[in-house]
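Here chain A shows up in two complexes: once beside chain B, once beside chain C.
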Partner chain A sequence: MMPDSNPVAAPGASPTLAIDGLGVAVRRGPRLLRDVTLNVNPGEVRALVGESGAGKSMIGKAVLGVLPRSIEVTSGRIELLGHDLGQLAPARRRQVVAAAASLIPQDPMTALNPSRRIGGQITDRLVLRLGWSADAARRRALELLERVHIRDPLRVMASYPHELSGGMRQRVLIAAAFAPRPQLIVADEPTTALDVTVQKQILRLIRELQAEAKTAVLFVTHDMGVVAKISQTVTVLFAGKVMESAPTEQLFSDPRHPYTRALIAATPRYTHPHEPLRPVPPELIAQLWREVESTNGEGGEHG
Partner chain B sequence: MAEAEPLFRVSDLRLSLPDMTRKPLFGRAPAVEILKGLSFELPVGAIVGVVGESGSGKSTLGRALVRLLEPTSGRIEFRGVDIGHLDEAGLRPSRRDLQMIFQDPMSSLNPRHTVERIIAAPMERFGLDRPRQRAREALQRVGLPAEFGGRYPHELSGGQRQRVGIARAVALEPAFILADEIVSGLDVSSQAQVLALLQRLAADLRLTIAFISHDLAVIRSLCSHVIVLDGGLIAEAGPCASVFDQPQSLMTRALIDAIPLPEVDPGWFDSHRALLA
Partner chain C sequence: MAEPAPIASSLAPAAPRARARRLNPRLWLSAGWILLLVLAALSAPWLAPHDPLAQDLLLERLPPIGFDGYEAGYWLGTDSLGRDVLSRLIYGARIALVVAVAAAFAACLFGSVLGLLAGFYGGWTDRGVSRGVDVWMAFPPVLFAVLLVAVMGPGLISVIVAIAIIDWTRFARVIRAETLVQSRMDYVQSARVGGASRRRILASEILPNVLPTIVALLALEMGVAIIVEAILSFVNLSISSDDPTWGGMIAEGRASLHFAWWVLVFPLLVLFLSVLSFTQLGEGLKDQFDPLSR
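And then the complex of A and B:
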């Protein structure tokens, strides 16, 4: 098996998302992503794992075109369904992304508008961006709410976010993300704010819905346990650089990169309570930084 | 743990809080019972995990133990004295012994004060001598270089901030520390460091710790005892070894079942060892 051979891709199938040599940096400031290359195929869940500051969320933001103003793409290309996003006019780019990709955000409270009912927050994008009729959008929203096991979808449509629990809100956001039938979903730490029991339900839902619709998912997380359960492929990031990309099974059975091994070793293992937790050794971090900085040859730096 | 006298002996602890979601525009919010009669003991030197789903009463229980909340009824005996219904003056002799580390180190450290001042402030409040010097010693204890004393919270990483919170608590040489979800915001690596630190400090200083978390893997690797809460009641409690090896309650089993172990297991999503609503 090739190091990054893909257990999901059908031979010859073209990827939903292809990122090639992506560099992202703060304007006149530090680099956030360095030469990131990865693919996500239809039906594949690719986990993006790393510690805070590794740039995992930045990749999703670059794909969706929602990088903060102070941050810019300095090199590389992002292809979504074959469209080279960097080559598109901004309006066209927004159109392509809105039709093809959705976000499941981390914090279900701040992602919902507290002063608006749930229903409109799901149907808006369908009606305003994608040109669905109000009636079709409403039916789709109800269907999805039912699909994410919300018992009384009509009532929830008429509710305000504060009337729902954290788990319910996250289900609403999953429904909203899947409603337009996107080919790609960027899930940015969608269960980090949730209890383990609710987390499991939410992970199961995402898995069910994406498998059914063959949605490609870029799943950002810092939790190696979640990586093991949700994904078929993994990309490990450190300081904005890919340390290792591998099928999930192989990453856990035979982690090649020392940083991957360190991350796994630092994860508390319920089944091995007496093994001491081993933080990522500072020497390893220092060494990785030296490596990352020394391979900083490519141009495109500003300032 | 065959200690003669436990640090805490809690009996039939009940606590109600106003239900702000049902508060009328004018007038008082109706009360809702959060803790529905809890009885347990915390042995001296134990690290006791408190686990449960959100809304099970974990944080409320913790806040009652350090008497940030007053119980509606029941007893909280701390070193043999019922502190459950003491007023602030009555609590003063115990305050230094009941310390707390918070979930979000950014919001619990004053952004306008240096680390040294943050750690020294409570010591000054309690009239300890040489607070600045003790603050520097406390920094050393939690593995931060002394020059960190001159820095401000925003200059530190999440893990370092959490160490400052720990330094502030241990500098007072308390008997008890409440740690409420203190590693849930941290990366695995910082998490492992903070857990190792807490374990070492507990042993060195003979601290009793209530460690609130929703993460059973963390509790199992850190704690000696565990209390599993379910809807304001104790579902199960005891030494970690027995509770985790032979879980008796549905809630414990559901929590164990939901842990995503860092191993590939295609059957994980289909395992329903416990029924969940």
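And then the complex of A and C:
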């Protein structure tokens, strides 16, 4: 792993999220994450990039404590605002996460409960977990809906999800994520399900709100184009292992790891529309697998 | 939460709701027949032209209205003991409906709760419930019901309990699967991140989305309960053989089919329409309440 010089970290400031040597595996099954170490500082957007199956989403799920039942954390520490989450009792952990972190999920079509009105889905957490008054929560929800450019927030609060378009739902989800003033947001491919024009607006919104509130964001994506638009720092993941962590500009101008270079080369460019696609070479993938497995001292477990 | 007044808006895609208000024909046709049954059952003493138990051997096997030998007042004819078929059908609706409602609710309550718990909590709860369902479904249901009633002794309560005991698996199986799907939805994950307790997630995120299925199954189950009750009375294991039941009437009519078809055909028709109505009602309700197709 290459050293990570962080442009956002103020000297002496403690990171919002510190992951150290995290290992995650299917119970009695293959490993999904191997020795992942990364930090996210207040106000920093860290992109977590890799091919599908690289374990990017697992990192977010492990942080938020929503790993599927069959998957467990096998090693390492996750510190959220200085709390070592692994050491906390489940109820206390839920409380810490609920107070400090939010999720922007991937698919706006399944991320809102179809049988509940929008308003309640935003204010529930404020009222039930964070002790806001119903009135304050409502005002906060309206404020944020306006902030994400929803034109008629009162009406939207009273609507059901099926009455909104995909882009509107994703904006509602962003409003819901920022409403409790979290210090950390995990964005799990929030633009993947949207079309390109909407994607841009959504990225800009996340960026604006995040910069305003100095929120740390862990932005999971497979799209190098999105990485370039939104993040200050990048962590490249392959087979659950960190290949390279670097400031975004440096990563694009001077990629150190061959896999990073291959990923960047594989991204189609608007400026060269007739260029053939260059997928990551299979020989490189095979070689990386060998390396990943040999460093772990056990092979043949990637089902 | 206070409801804000709906405000007209240019971005209002309000059309889907208007569509939901329109009832489809199969829903109102089936609901109409069931309503008719309920009214008949409630007002049986006033509605029935004759005492359903009164035998009159001088009036045996009278044909229904419009046929040769029709006797005024006996609209649907009489059976081999001279009892009025229409009156017996009307009184039979009472038993059919009581059994349908009570047995279906009992099966629904038991099965849905187990299904919700199994689907939501997984692990040992799920394995326990799922194996239970598997074992239960290995018994042929009708034989099982006959056996249960034989053990408990005939009677209304036995019939209801037997149907609930054999049919809770229907609910457990389907509701478990639906709950499993719901539990994996992103909004459940978001609620977990937001610190919602398991009980709250189950009650406010999952149950509302499973409820349309529960309601639909409940209506279907009422139809099934009517059939099972008819089968039990057909083999003379339901209520005491004096009480008019549709199944019992079918059993009696079978013997005289060749010279008094009406004794068999009318209860069969009523049974058929009722079961059909309940199943159609179930399907129709599912469409109507499904939040995704609203």
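What we mean here is this: the second predicted complex is superposed on the first by the 292 of 303 C-alpha atoms of A that agree within 3 Å, B and C clash if a C-alpha of one lies under 4 Å from a C-alpha of the other, contacts with A are read in each partner's own complex, and residues count from 1 in each chain.
One rule holds for everything that comes next: a residue touches a chain if its C-beta (ideal position, glycine included) is under 8 Å from a C-beta of that chain, and two chains touch if they have at least 3 such contacts.
Since this is a predicted model, take the numbers as computed values, not measurements.
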Quiz item: Which holds for A:Thr123: it touches chain B only (first), chain C only (second), both, or neither?
Solution: second
Quiz item: Touching A:Lys200 in the superposition: chain B (first), chain C (second), both, neither?
Solution: first
Quiz item: Between chain B (first) and chain C (second), which, if any, makes contact with A:Pro268: first, second, both or neither?
Solution: first
Quiz prompt | Partner chain in contact with A:Gln95 - chain B first, chain C second, else both or neither | solution = second
Quiz item: Regarding the shared-chain residue A:Pro30, is it in contact with chain B (first), chain C (second), both, or neither?
Solution: neither
Quiz item: Taking the superposition as given, does A:His222 touch the first partner, chain B, the second, chain C, both, or neither?
Solution: first
Quiz item: chain A residues touched by both chain B and chain C?
Solution: 162-163, 165
Quiz item: Within the complex, which stretch of chain B touches chain A?
Solution: 21, 53-55, 158, 187-193, 195-196, 214-218, 220-221, 240, 244, 254-265, 268-269, 276
Exercise. Under the touch definition given earlier, write down the residues of chain A that touch chain C in their complex.
Key: 64-66, 69, 94-95, 97-99, 101-103, 105-107, 110-117, 119-121, 123-125, 128-129, 134, 138, 151-152, 154-155, 157-158, 160, 162-165, 176, 180
Exercise. Report the residues of chain C in contact with chain A in the complex, numbered from low to high.
Key: 1-4, 6-7, 9-14, 16-17, 122-123, 185-187, 189-196, 200, 204-205, 208-209, 211, 291-292, 294
Quiz item: For chain A, which residues count as touching chain B in their complex?
Solution: 51-52, 162-163, 165-166, 195-201, 203-204, 207, 222-229, 248-249, 252-253, 262-264, 266-271, 273, 275-280
